[in-house]
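So, here's a batch of structures to check.
Heads up, the next two complexes both have chain A, just with different partners, chain B and then chain C.
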Partner chain A sequence: MRHGCTCGRGRAWVLAILLACVLALLPSVDALALTTNKATARPNEDGGSGVIGGIATRLTWEGTVEEGEEVSEVTLTLPEGGSFDGTSTKVTALEGLSRAKVEGEATPAGNRLTVSFSQPVSAGMLLRLEVEGMTFPSAGGDVVVGGTYLDQSGERPLADSKPIRTIANTPLQMMVATLDQSPAVEAWNANPFLGMFFKPQLLVTALFSLVPGWLLCLLIVVIAYPFAIVLGLLFAFMKISRYRPVRLVATLYVNVLRGTPLFLQIYIMFFGLPMMNVNINNNVLGVLVIAINASAYLAEIFRAGIQSIPLGQYEAASSIGMSYFQTMFSIILPQTVRRVIPTVTSDFITSYKDTSLLSSVGVMELMMFSKNLTSVSGNMTPYVAAALFYLVVTLPLIKAVTIIENRMANAERGGGPQHHKGKAAAAQEGGESAGEKPSERVMRAEALGTDPAPAPSSMAPSLASEV
Partner chain B sequence: MFAKRQDSATRVDTPPAMDAAEAARIAFEHDLPLSKHHFVEGEHPVVRIEHLNKTFDGVTTVLRDVNLNVWNGEIVVVLGPSGSGKSTMLRCINLLETPTAGHILIDDDEITGKSAREVARMRRDVGMVFQSFNLFPHLTAKENVMIGQTKVLKKGKDEAEAEAIKQLTAVGLADRADYKPPQLSGGQQQRVAIARAVAMHPKVLLFDEPTSALDPELVRDVLGVMRDLALHGDMTMIVVTHEMGFARDVGDRAVFMEGGVVVEQGLPEEVFDNPRHQRTRQFLGSIG
Partner chain C sequence: MSGHAITRRDLIGAVATSVSGLMLAACGSSPDTAPGDTDGAPYALVSEGTLTCVSDMAFPPMDYMDGDTCTGYEVELMEAIAAKMGLECVWLPPTKFDTIIPLIKQGGKADVGASSFTITDERKEEVDFTNAYLDSNQGVATLKSASVKDEGDLDAEGKRIAVQSGTTGEMWAQENLTKATIVSLDDPVQAMAGMSTGLYDAVAADLPVVSYLCTQSYTDCEVSLEIPTGEQYGLVVSKDNPALTEALNEAYEAVVADGTEAKLQEKWFGAEL
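Moving on, here comes the complex of A and B:
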C-alpha cells in the first residue's frame, strides 16, 4: 500500500515534468499545420534490401494536415546530390479510411519537388506522395527529407523526416541497375537456361564480389607452391637415396599422400589438429595442406626427371672430376628443371584448382564466395563466374605448357626458330642432321644399304652393370 | 645408380706386386721393343695396369689379368672385336667401372679402393672422350669446356673462358663457342668433348670409340683433331678405336684384345702387318 503510494507520487512527478516540457514546446508544435508521418524508399538493391543512392527508386512521403489548417502546396527537399528530375508523382489523400479526391501538380526541379494542389487539402487528411524515379545522393548515408509547405498563413518549413538509410552507389551497382532496366537483359533472362546460368546482373555482381575469394585462392597456391617444390625435391632425393630406410620413408610419404584424396587430407588436418589443441589459422592451414599434398606429386615428378637424365651425363661429369653434389647441382638438376617445367606447371594448375576443396572447411576462397552468392540468389550464375576466375589462370598456363613443350621438342631436334644460323651451319657440313642419335644413324645407314659403324664392343656388359 | 656404383663390386685386395721403381724398370724393358715412344732412362709409366680383372655380377668375366703400361706422351691404340673388354678396361682406368681385382696406378698412385672424394680428385688427371659425346646439353660449347675448370679446378671465370676459347680454337670450333650441343653436328659435338677433356690438362686422355657414333664423312674431322693432339702435343692417349688407318698412322703402340685378354701388343706396323697371333690375323682379316 505504502509502496504503491510512493509509486503513484513518482509517476505524478514525472508527468508534471513532461507536461511542463510539452507546454514549453507548444508554440512551435502548434505552428505546424502539416506534420510529417514518415518517409520511406523502396529498396533498389539487386538481390538485397538496401536503398542505393544514385539509382532510381520510389520515395513515399506521408504527412497529416492538422486541425483547422489547409495546405495548398508541399515542397520536398533532398540533400545535395539527390534528384527529383524526371519523376512522376502520385498524390493520395485519405480521410479516415476513404480516399479523398485531391489533384496535385508536381514540378520537379533538381533536389526539390513542388506539389501544388488544385484545391487545398483540408484538415485531418492524410497526404501521401509517391515519387517514382527519384534518386538519392550517390554518396549514400542517412538521408533526411525536408521541405516547406504553404497554408493560409504562407510558406512554412516542413519537419524533417526520420532518416532513410542509403547505400553509397558504386559503378557496379550503377551497371546492375542499367542491366535491370534493359529490355534485352530481360528477354535474355526469360530464357530458363540463360537466366539460370548466365544472368547478366548476377554475373556482374559475382565478378566483383568473388575477387577476394579469387585472390585468396591465388595467395594460397602461390605461397604453398615454393614450399611444395622444396619438399618435393627433398623427397625426390630421398627416393633415390642409396640408404634403404630413407627410401622407404620417402616412398611411404609419397604413396600415402598420392593414394588418399586431398579432401580426406583436408578433413584430417582441419578437424584433427584442433582436437589436439593445435589451433592454426585456417588460411595458413590451407597453405600447409596444399603444399604437403603437392609435394608428394612433385617428388615423383622430380624423381622421374632426375632419373630421365642419361647415365652418360653422370659419367661425363665424373670424368672431369666433379663430385656428386657438383654433378647434381651443375649438371643434373638444371637439365631436370627444363624437363619437368611442363609437368610441374600442370601440377600447379591442379593445385590451384584443388584450393576449391578448402571451401568445405570454411576457408573463404573462391568456391566459398560463389556458394554463398548462389544460396542467396538461388541462381547458378555465381558458379559460372567462379569458373571464369579459375579459367583466367588455368587457360594461359595450359597454353604456356603447350608452348614450352613445343619449344623443348624443337630444341631436342636441334635448335628452335631462333637458331637458324646453327641449323644452316650444320646442314652445310655434309648435309647431316644435327643432334642425330646413334640408333637413328644406324637405321638410316641400313635404309641406305650401307654398313653402320661397328657396334661398341663393350656395350653389352657395361649395360648389364648398370641395370 | 650414381651412388650405387661406388660400392657394387667387392674387391680382392692385394697390394701391387712390386714397388714402383722395380715395376717401372721391368715395364721399361718389356715395353722398349713394343712402342715407338721415346723412352727416357728411368721414367715411370703414367698408367700402370696390373693383373686387372673385371667380372660383372660375379658371372660375366670381361677382363682377365690385363697388364698394360702407358708412358708419358705415348699414344696407345687398343683394337679388338666387340665384347673384347677394350671399353671396360678404359672405363676401369677412371673408375667408371670398379675393378674386381688387380691394380691401376696413375703416376705410381694406386687408384682402386679409394673414397669417393679421392676418386673425384684422381679423375681430374684422367680425361675421357665418350662414344656418345655426353656434352652437357644445357650449356653452350664454351660453357661445356669451362665448367670443369671453374667447378673442379676452381679457376676464375676469365681464365677458364680464355682456356675454353683456346681449346675450341684448337679443335676448329671457335666460331661455335656460343652454340648449344643440340645445334651442333655430331662431329662438332665430339670435337667440343675433346676440348672439354683437354682443357682439364689431364695426365692421360682416354678415347672410347670416339668416332663410332659419327657419320663417315664427319669421322675425318674428329680424327684430324685427335691426330693434331697426338702429333703436336705431349698428351698421353689411350684410344679404343676401329679406325685402323688412324691406329696405324698415329699410334706409338697397338694393343690387340680379345675375350678380356691382351692377346698381342707391339709397334703398330708389326701388329698390322705381321700379327703373331692367329686371333689377331683373323680380326684384321675380317676388318680389311
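Moving on, here comes the complex of A and C:
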C-alpha cells in the first residue's frame, strides 16, 4: 500500500515535470509574434446600432507586434459569405501614441485581404487596419476574423478575434435597399434640396427609429402637465391673495420662470442638482423642469381667467350667502376653466415642443434621436421626420383649439346654447370676439389683470376678503 | 486597392505642392513669395482678400472662444497659413461641429473648415481634405472618483458615454462600447460638464482635448484611457475648389518650413509634437 502510494506520487511528479516541459516549450514554438487585440465593425444599421451582414461597413482590426519580432505581411480572413472585394484599407502603425511611418498595400480577394508592408512592422508597434467597404456574411451571427501573417520565420496563423455580433438583414433594411435601387428615388435625390431634406430612404428609417424618442416626449409632457396645472392654480391663487408676502412670492416665482429661457432652467436643474448631491433620473428631471416651467405660464393664464369673471358674480354669490371658497369653486372656477381651455391647450402645445430642449442634456427624446441620425448621415431628413412627429400631435390640438374658440365666440355672440344672455353680460364679454386669436386674448386678459383700474382685478380679492 | 490611402495621399500632396509650385513659377511669380500673389490665384474665395474659416470653437486647446475672441492652436495656425497666402484670416461665428461639413459642401459661406477634422474616408466622400497638419488619438475621461474606468467595464448596459455629435470619438464609442448608451452632445465641454455632475459615466473625444479639459477646467476628472488610433487632422475644403486645397497645402508647408508651426506647438501643447 505504502509502496504503491509512493510509486503513484513518483508518476505524478514525472507527469508534472513533463507537462511543465511541454508548457515551457509551447510558447517558444507557438508564441504569436503578432497578437490580435481586437476586431470591431462600424454599426451600419440605419437609425440603429447593429452591424448588419451583406451591407458595406468598416472593419477595424488591431494587433500588437511582440518583442523581438517583425511582421511584413498580414492576411485577414472572414467566414464564408463575407467579402473584402472593392474595399480600401487604411494602415496605421503606432508606437505608443505616435504614428510610425509604415505604409501598406492591400490586396482584397473574396473573403481574404492581404496587406503587405513597405518595410517590416517592428516590435512593440500597434498595427491598425481599417477596411472600408467590406461586408459580413448576410446570414448574420457572430463573426470571427482570423488570418495569417508573415514574420522572419515564415507564415503563421493569426489568433482569432473575439466574435463580432452581426445581424441578418431586417425588413426595414430591405425596404431601404429597394428604395436605393429605384431610379425614381435616385432622380429625386439628385435634386440637392430634396436629397438633403426629403431623402426617402432616410425618411423611412428615421420614422421607425424616432418612435422611442417620440414616445418619451409624449410621456414627459403628459406626466408633467397635470403637475403644471396644479402648481399653476396654486400660484394663480397666491397671486390674487390678499396677503402681500404671498403675492410677492408668487410674483417672483412666475416672473423669474417666465423671464428666463427654459434652456437655462434645464441647465440649472440638470447640472446644478447633481452638484448638490440630488441625483434624480434624467427623465424624471425632464418632467420636473417642464412642469415647473409650464406652471408659471399657467399661473398667469389662470389668474387672468379668474379675474376676467365679472365682479357682479362675486356680489351675487355673496348676496345669497356663499363663502369665498364656495364662490370660487362653484361659480368662478367652472367659468374660468371654459375660458382658459384654448390658451391652456396652446400652452400644452408649447410645452410639448419645449421637450426638444432636453436633448441638450442627454434625455433620449425625439430631437436627440434625429440629431444622432443626422450626424451619422450628414443629411437633414431625420429632422423632417422629427417635424412630422411633432405635427402629428400639435396639428389636431391646434384644430381643437380653433373649434372650441369658435363655439365660445358663437355662444357669446348670442348663438349656441345660451339664448337668453342679457345685453349687459354680452357687452362685458364682448371683447372676446370671434376673430380674436388666443394669444391676443391672453395679452388682453393679462393687461386687464395688471391694470389697477378695472373693477374685477382689484376688487375681487378685496370683496372676497369681506365675505 | 488603396492600402495606398496613405501612400497616395502623401504622394498627391507632394505632387500637388511641386505642381502648384511649377504652375506659379510658370506664371512668372516665384513660388516662395506667396503673399501678394492673390490676384493671380486660381482658387475661389467667398470674399476677396480674406480666407473665411469656420470652426465650432468648442475644442480647447485647438480652437475655442476666449471671451469673444477666437483662439487656440488651430486658430493661430490658420492665421499663419492665411498670412502665407497673402490673405486675412476671418472666422465665422462658432458653428455646430456636425453642420460644418454640410456648410463647406454647400459653399458660399466659408472657404475652409478648421475644426480638428480627422481625415476619414466617409468625410472624403463629402469634401476634400488638405494634407494632415496634426496627429491625434482618442481619449476617454472619467471622474477621478469613478469606480468604472476601463474599456471592458464601460462597455456595459446602463453606462452612459457622452460624445460630441459627428466626431470620431462618437464613432469610436459606437463601435467599441456597443452595450453602453452613447449620448451625442453639441460640444465636448457640455459632455465634460455633464460628466463632472454625474450625468454620464465617461466622455470619449480626441485625446488633446480631453487631456486639456481634464487638466485645465475639470480637475475632478482624469484621462483614464488613451486609445491609439493614429488619426490625423486635415482642413476641410469644398470639392469644387481643389485649387484652394493645393494652395493651403503649399502655405502649410511654408509654415512648417519657417518654424512657425513648431513655435505654435510649443506654445499650445508645451512641446513640439
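Everything that follows uses one rule, which is that the second predicted complex is superposed on the first by the 245 of 467 C-alpha atoms of A that agree within 3 Å, B and C clash if a C-alpha of one lies under 4 Å from a C-alpha of the other, contacts with A are read in each partner's own complex, and residues count from 1 in each chain.
What we mean here is this: contacts are C-beta pairs under 8 Å (C-beta built on N, C-alpha and C of every residue); 3 or more make two chains touch, one makes a residue touch a chain.
Here the structure is a predicted model, which is why all the values come from computation and not from measurement.
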{"item": "First (chain B), second (chain C), both or neither touched by A:R242", "value": "first"}
{"item": "Contacts of A:S330 with chain B and chain C, given as first, second, both or neither", "value": "first"}
{"item": "First (chain B), second (chain C), both or neither touched by A:A411", "value": "first"}
{"item": "Touched partner set for A:R338, first chain B, second chain C, both or neither", "value": "first"}
{"item": "Which superposed partner A:F270 touches (first chain B, second chain C, both, neither)", "value": "second"}
{"item": "First (chain B), second (chain C), both or neither touched by A:T205", "value": "neither"}
{"item": "Which of chain B and chain C A:L311 touches, first, second, both or neither", "value": "first"}
{"item": "Touched partner set for A:S319, first chain B, second chain C, both or neither", "value": "first"}
{"item": "Parts of chain B lying in touch with chain A, wherever the complex brings them together", "value": "1-4, 7-8, 56-57, 60, 62, 80-88, 91, 94, 96-97, 116-117, 120-124, 126-128, 130-132, 134-138, 147-148, 151-152, 176, 179-188, 193, 196-197, 200, 208-209, 211-218, 240, 242"}
{"item": "Chain A-touching residues of chain C, taken from the complex the two chains share", "value": "1-7, 98, 101-102, 121-122, 126, 135, 137, 160, 162, 165-166, 170-171, 174-176, 178, 181-186, 190, 193-194, 197-200, 207, 226, 228-232"}
{"item": "Residues of chain A that touch chain B when the two form their complex", "value": "241-242, 307, 310-324, 326-327, 330-331, 334-335, 338, 411-415, 419, 422-423, 425-426, 429-430, 432, 434-436, 438, 441, 453-462, 464-466"}
{"item": "Chain A residues touching chain C - in the complex, by the definition given at the top", "value": "40-43, 49, 58, 60, 86-94, 96-99, 103-108, 115, 126, 128, 132, 165, 196, 270-272, 274-275, 279, 282, 360-362, 364, 368, 371-372, 374-375, 378, 380"}
